[in-house]
Amino acid sequence: MIKAGIVGATGYTGSELLRMLAMHPEVSIHAVTSRSDAGKPVSSMFANLRGFVDIPFCSPDPESLVDCDVIFFATPHGVAQAMMPSMLATTAKLIDLSADFRIKDQHVWEEWYQQAHASPELIDQAVYGLPEVNRDAIKKARLIACPGCYPTAIQLGFIPLLEQGLIATRGLIADAKSGVSGAGRKASVSSLMAECADSFKAYAVSGHRHRPEIEQGLTQAAGEPVNLNFVPHLVPMIRGIEATLYAPLNAKGLNKTMEALQAVFEERYADEPFVDVMPLGSLPETRSVKGSNICRLALHKQANSDMLIVLSVIDNLVKGASGQAIQAMNLMFDLDEACGLSHVPLSP
Amino acid sequence: MIKAGIVGATGYTGSELLRMLAMHPEVSIHAVTSRSDAGKPVSSMFANLRGFVDIPFCSPDPESLVDCDVIFFATPHGVAQAMMPSMLATTAKLIDLSADFRIKDQHVWEEWYQQAHASPELIDQAVYGLPEVNRDAIKKARLIACPGCYPTAIQLGFIPLLEQGLIATRGLIADAKSGVSGAGRKASVSSLMAECADSFKAYAVSGHRHRPEIEQGLTQAAGEPVNLNFVPHLVPMIRGIEATLYAPLNAKGLNKTMEALQAVFEERYADEPFVDVMPLGSLPETRSVKGSNICRLALHKQANSDMLIVLSVIDNLVKGASGQAIQAMNLMFDLDEACGLSHVPLSP
Amino acid sequence: MIKAGIVGATGYTGSELLRMLAMHPEVSIHAVTSRSDAGKPVSSMFANLRGFVDIPFCSPDPESLVDCDVIFFATPHGVAQAMMPSMLATTAKLIDLSADFRIKDQHVWEEWYQQAHASPELIDQAVYGLPEVNRDAIKKARLIACPGCYPTAIQLGFIPLLEQGLIATRGLIADAKSGVSGAGRKASVSSLMAECADSFKAYAVSGHRHRPEIEQGLTQAAGEPVNLNFVPHLVPMIRGIEATLYAPLNAKGLNKTMEALQAVFEERYADEPFVDVMPLGSLPETRSVKGSNICRLALHKQANSDMLIVLSVIDNLVKGASGQAIQAMNLMFDLDEACGLSHVPLSP
Amino acid sequence: MIKAGIVGATGYTGSELLRMLAMHPEVSIHAVTSRSDAGKPVSSMFANLRGFVDIPFCSPDPESLVDCDVIFFATPHGVAQAMMPSMLATTAKLIDLSADFRIKDQHVWEEWYQQAHASPELIDQAVYGLPEVNRDAIKKARLIACPGCYPTAIQLGFIPLLEQGLIATRGLIADAKSGVSGAGRKASVSSLMAECADSFKAYAVSGHRHRPEIEQGLTQAAGEPVNLNFVPHLVPMIRGIEATLYAPLNAKGLNKTMEALQAVFEERYADEPFVDVMPLGSLPETRSVKGSNICRLALHKQANSDMLIVLSVIDNLVKGASGQAIQAMNLMFDLDEACGLSHVPLSP
């Protein structure tokens, strides 16, 4: 059994890791850290884990984690990069769910996160943990930077088009919508149910931290700089991201039928265990992936338009965070990539 | 007092009309028709109206309506156009909340609504009831075609830009989101709470009936054909529409600062009682207009982008339907335009 | 115009007071205090008030409030009782929406609220602001203690039975359910949407602060000590309280038919502008009173049972707080009791 | 592998059976019937099943089902009892999730369900499928009548007290609350999201069909007739039942400390894989069992009261329906009782 440690498990990505690892046949949960809750049973904070995770929180000291085979960081940005040097002294594989190592350009990271990077020398070493793009590198990696939730949903929708050179690289639009768990499990007025429920809004319209991460991935797929308008919105639901992507077809793309564009997607993801290219014209709902690691995609085009519309849905806490982290872990430990990740989505 | 009749009041626009008319100081509710519920107290169907609307439904015969000064049609499409000839024999002013007379091109209407138009000779006579565009015509009209909910939110956001020639007329995008009351009050599996709640999806992506109506209005504002991509989405909330509009600035538009673009909006709507141009960079929430006739707008632009982003929110049942109908009625009867419409939005 | 001041308007009862006072024809909002937000426009915090309340927050100094004719306290418990001596130096009428003066027995208050009472000498002077019980006293009062939200819904349901001696005074049960706005507008993990939505739970089952307040009112109605089991629950909705009351009929009560019991309620509330005794067997929904000052009641009895079941619904922020406060204000200023309170509930 | 057939899989208990059986290691889904949808892929109706259940619906003919080892009926009441004689000709074990065989007194059944029973001769043979009560009988049964959702939550909370004679057998109260999936997946105005969301109500207060089923089970536990007041309520959430039970302690019960009463529950359920007796004073939330077969219970008593309060939560579609059916199947086929049922609840 792989001994897993989770640093900072009091948030939603942490508790989701615990939920999924508790059902993983090859993993035992060895250490769950929380400085403020050390000593308290994990299940006293997360009642759904009663009977499944029966250990207490421990403090996030290196000693607590030294025996782990894999350590997950489900911490706010800044924490993993500060702890990382001491963690490298262990033998554990390291999977960071935060934003600390996602952006390859240190200055861009520092500009968007408004702080100096604490471990810039590790940025190069970190592998961006999107298996659909970096599978081989993930297998060999010591340190994984798990993609953000919006970046996962959006990149998977644009990448086949950019790789094949079928769309412009300027004027792309990602109109994305997230459930409230994306804001994290921390006390805040703006995330109160009385503030969020029965309402809808755009936020961070002038600039969201996920934009440079997405553009980095799209640029890599295209082989040239990609420019994206990215507008996130808050949906009064708990889990799920939907991204409606507007991709301006170029001459090569306009030459293709919708069936041919569909084939591009189907071929690109033919061997992917967690990407479902739905039939042309489908309308994916976020609930169709709730609690699962699946991304579902569907293509559309409106009459008298040059814009390909790609719909993409994921569970922000699973394929957008903890499930993707476990998928990377499976690859790193040479397990079946889908091991412990084959839950049927919960619906209704 | 103006005697009002409502035809087809068993849906959400009908019940919302009743709610608002019951508080209107110049109106008495004279007849509320429903063929299937004739004789039953209106308040037995809509408990919120107990103590406010104390008459029974009557059958939708011309006799029931003959004394009315104004007749509202809150019926599915096809009904008002079939009844209209007999209604013209009364002296009542006629306000149709359905889609029957919104589209000026009969063939476009028939194509999208898949039926022959029953009163094509009245299409020209009908005035499109968007006061921000057609105020004077509304005042003199006999027959009003109330704009749809999406068209209201979207046109109000694009019109100032098109009128001033600041954006391209092709490649416009309206990514719009609606609460579930937009689907109406009729038995259907897809609108069940267990199907809609805690989930999010796009729908009618290949083509929605509101698209030609919106393009018609935008084309009129631009003075040349406007082409729009329009993707509606279903939000797990009851009321509200949010539209995120992507407007590709042309050379003239790119020459303007954001402050100048903001000024364009502020001047365009300076005298409008129900359009609130919020400060630059604001993030309008649908709950900020819940139960009210207000449309709130806000402008944004992202770094390194030529796209102006306009955020627009309305209450789909008020400014998107019943409130707008009453605003038109106020104009037609030479009342203060805001009479009976000055409710503070309900929040939280 | 009555000049109104609101102390502590950054919570939900405060913003609801502002919403309703902004529509009140006899009131002008004169001062809205918030120590931490002084200087900021009120509408920058509550976007629904944009265009309706256009003054900034001021600091809660006596000078800010000295010109007011009426001062509302929408503050956490402990604040009003500390400020009250200086407020009594003004000429304003004083309406406290907090729990500070609701409980007549100082020691009971101190036990449940775990602090010493700061103005015990004022407890006797304060009038419990339930118009259905204390109308005449309210008219003459200087200081009103507004009832809590649960106490309003529950007392209105039990009082007719206790006044007529139709039920036992021991073994009463109030199983009550509240929307999340009842928890207030303060940062807290347990009130996050991701924690509350799509779930249901009982809370404070071992003892809730509203229990002694309710028992005090029921005891007064019965003329003898009344003992109540009171279990509050949290409903994933924003506004509304539903209380399902189990009233053990005594011999006198069992002698009455349901029609006779119904008549007891109808007579008790015949002249009440805000209590709606629905027809026997009705099923009141909280949405039927949303945004309004109405309490709706309905009676039931199951086969082979001695228990009368009373269903009671209110909007916790209106009849359970701010609307009730305005109702008291209307009485204190000799206005029509329903002035500014006749909004039709918002539904759907 | 056990070959399973599901009759009537287009509702929520049917789709939940499919979700859980698709993850069951000892079961293959052999036939899924729907008369109206025969030929359509199951996953075209339930998008969450895409990639997990890849067969089409078939018509509900005996031939479709003849090879099955177990047949589940997820049909409206009346259907299973009509089909049952022909089903008995197969060799399959039969598990009925509907109400057809739950009530042992044919006349009581016919009175509450308002129709003649189609297979009265099978009522005696059917075993009430509550493993916590009937484990041995279930193992040997041919035909299982799965308990209803409310009856499961309520019986598990009262049974330990009645078996030990600690409470009165008259005046029991079950104030129960259910998510909207309990109303089923059928077109109906009253279950629309715009009708249910952001609201709360009691329903069927004068008498609900689950009352006689619950009283039958409680009477069996007590060994004497038990009389219950049962009030169901509709919660604006998808899944989950919470029951707040008021149990009037008798002299024997009042003699016990809370710790002793807690011990009664812990002992009663010590070996139960799916009943979690939480620590004294706990507040179970429905989300703590979402998607799982667990029932969580907690005990409370208020000061100066003789009423023991038991809180009980289940997922109405799992322990209240499909999970319980699979638990029975596991017993019938001599599998580990928890086989395929050990999912960690999904939270948040």
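Points worth noting:
The letters A, B, C and D name the chains in turn, as written, and every chain counts its residues from 1.
Everything below uses one rule, namely that contacts are C-beta pairs under 8 Å (C-beta built on N, C-alpha and C of every residue); 3 or more make two chains touch, one makes a residue touch a chain.
What you are looking at is a predicted structure, and each value in this text was computed from that prediction instead of being measured.
Grouping of the remaining chains in the absence of chain B, by touch, is one piece. Look at the CA centroids: the one farthest from the centroid of chain B belongs to D.
Across A-D and B-D, it is A-D that has more C-beta pairs touching.
Separating the CA-averaged centres of chain B and chain D is a span of 45 Å.
In this assembly, the C-alpha centroid of chain A lies 38 Å from the C-alpha centroid of chain B.
Per-chain Cα centroids separate chain A from chain D by 36 Å. For chain A, residues that reach two or more other chains under the stated contact definition are 12, 179, 181, 185, 194-195, 197-198, 236-239, 284-285, 287, 290, 348. If the chains shown are joined wherever they touch, the resulting network links each chain directly to all the rest. Those residues of chain B that touch chain D in the complex are listed here as 12, 179-181, 183, 185-189, 191-198, 236-238.
Interface of chain B with chain A (complex): residues 171, 173, 175, 177, 179, 194-195, 197-203, 205-207, 211, 227, 229-231, 233, 235-240, 242, 244, 246, 248, 281, 283-287, 290, 300-307, 309, 311, 313, 348. Residues of chain C that touch chain B in their complex: 12, 15, 19-20, 22-23, 46-52, 181, 185, 197-198, 238-239, 276, 278, 284-285, 287-292, 294, 296, 342-348.
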